[in-house]
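As written, the chain order gives the labels A, B and C, with residue 1 at the start of each chain.
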């Protein structure tokens, strides 16, 4: 489902001495099925932006169109927006409240007013999408699960609304490296299996460089750059000036280039860096490395 | 919306009011509240307004910031206003079926609503100009005489310090949870009262769980920093009653005396004024 | 400094559940002035281990000694806690007071330190985390990194010998994370023993020693070079190699003999530049 945002502005504490423009005439569009990542330092307007996309925050001015629906139109029912746009907040496990996993995941579909059979089917589907076994988990209390499992249940609770656009705000915050990878893989597989459009907010440049089709860079309430990872990460100095870094591979390559080594282009993974360095240092790329 | 609540917040500023002894400020606010019930006419309110105005301007807290604290309780003020307007019997000015507005009703409505406004503004000034920790030090110190009677004054004070410290944190938490449940299609705004009350469950459960988590974390952090109750504890800022506090106390006494004088001598004046204005 | 002997810790989750072991026989010692990192997946017992060092958690079996004081000896409890400061994960939930300097004063107040001395300590502690100018602020108005720095100052003001950081950067953005990491290292340089528990592998490369926990046991320990030379084990333990180590390993597989002691990207780039300079004439042909 495509998204078109035009001239979106949001002002907090309007009229007060410390009023702040959290969003300043933001315009962009996202194609159906696209994977977009939003990066920017804390306070750049990322959370304010994503909260507009499912109507939780109302813009001071500007319009947002999700598919054919203009959600900034006062006549649009919010339930219609919420069922099409799923928003997973940071540390989503802190919203769990029901006695069983089954009931908690069913909360969203119930709010949509679905039939019981449909709700049940959706709970099963979404638990399977987040990689939890229905038989094993459905009747357990969400509060006695491990941290990583809780997070999966919480994400399932949003996916059960079967959104066409899924927005995730730092879904891997606080996880260990293994679970971090698992959650990212899970996002990829949800996208493949449901075909939904994904917007990922993240601080991790390595992740977004490898996963996203396009990256939006935010600073002071504006989208200051947007494009494919290999485009936006070309501007190392500019990114540094707004407090952002490059993916580690790109950073190493950029430092080497500055010191006189041949340009590598923007590298997004350790494998690419290995391949580049192997060529530079005259080693032989093994078959295994090429496949990795 | 939830961040609008200024009651209980501290506004950092370097003003004479901020520097006054918290014990004095607590007592002064109590007298101020009492004065609101002592004065019975608008002349008295002029006095209250003057005192409050001077107090606020000396405190250097922006008026807008203070007024914002009224927003969350606007409903209560409106309710008080309407209740008084329609429920007071007296000289009828306007009537429609069983609804009637009387001259006394308008008078009472304005009077009561103003009293509420003054009450909120005054008491929020206490927390706005006093560091929570000083406030609790003040309370602890004022309650000291009761310690011998077995009142756990230090513990009470510590509880208050923590409560005040965590009000913003919990409000933020509530805001986050509300938004997250709204994202799952929860509806807090429509439906019968019963439905709306039920709709609070998805907020309250995570909020309580969160509060317990915070409490656990905090207790552990306090223990790790050697907290062991009030015994043998020193204080960074021990309270000292200074000259400016004495001066402030004197001014407060004069104010309260004026309020009493107003009550005694000018009681009937308002009725006359109102009569003149309306006729 | 710290000596842990065969530490076992078990707990019950609710009344009728089985006993859950969090730590099953951990022995280690931490030297004065060292920087030790403890890593391991969620639930591996690293946090319980940390809490047992300043007697927030008491051993079910075994012993924990801090400068010779046994953490189980109740009369030595405050000796232990004063010596071992602790910084926790959530920056919001460990600040007690609504004003920065009062929060920093909290520890010394508990120790019964004289107010004039407390004032000196606040100055020193806030200076060392570069937050003195924010001393009158309310913590909830600060950024996550700044709050965490205040928490560190609150610990410094107690003049501890050891500071245990329990995932201090988990909830911070990259900027805040770097701030806290820099402070940890500068404190270590000033002689404070640091124990860092973290999920971020890059944060551990400059430590003297790394301990990897798994299932309540020490799974792997040694210098960063030693530990990271076991990539397969590390992955099996739910962890990841630091980026530079991963790249170096990849290069080694391709027949480039990168030295084992390359741990961060700076060392990596330096090595590559040196090597490229050496082979420059060859590359011309």
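The working rule: a residue touches a chain if its C-beta (ideal position, glycine included) is under 8 Å from a C-beta of that chain, and two chains touch if they have at least 3 such contacts.
Being a predicted model, the structure only gives us computed values, none of them experimental.
A count of contacting C-beta pairs for B-C and for A-B identifies B-C as the more extensively joined pair.
With every chain reduced to the mean of its CA atoms, the largest distance from chain A is reached by B.
Our note on geometry: chain A versus chain C, Cα centroid distance of 29 Å, whole angstroms. One inter-chain figure worth recording: chain A and chain B are separated by 42 Å, centre to centre, where each centre is the mean of the chain's CA atoms.
Those residues of chain B that touch chain A in the complex are listed here as 62, 64-65, 68, 176-177, 179-187, 201-202, 205-206, 209-210.
On chain A, the positions that touch chain C within their shared complex are 41-43, 144, 146-148, 173-181, 203, 206, 243, 245, 248-249, 251-252, 255-256, 259, 261, 270-271, 273-274, 277-278, 280-286, 288-289.
On the side of chain C, the complex with chain B involves touching residues 51, 54, 56, 78, 81-82, 85-86, 88, 90, 92-99, 101-102, 105-115, 118-119, 122, 136-140, 151, 154-155, 158. Interface of chain C with chain A (complex): residues 13, 40-43, 89, 143-144, 167, 170-171, 173-176, 199, 201, 238-240, 243-244, 246-247, 250-251, 253-256, 265, 268-269, 272-273, 275-276, 279, 282-283. Listing the residues of chain A that touch chain B in their complex gives 16-17, 51, 54, 56, 78-79, 82-83, 86-87, 89, 92, 94-97, 107-108, 111-112, 143, 157-158, 161.
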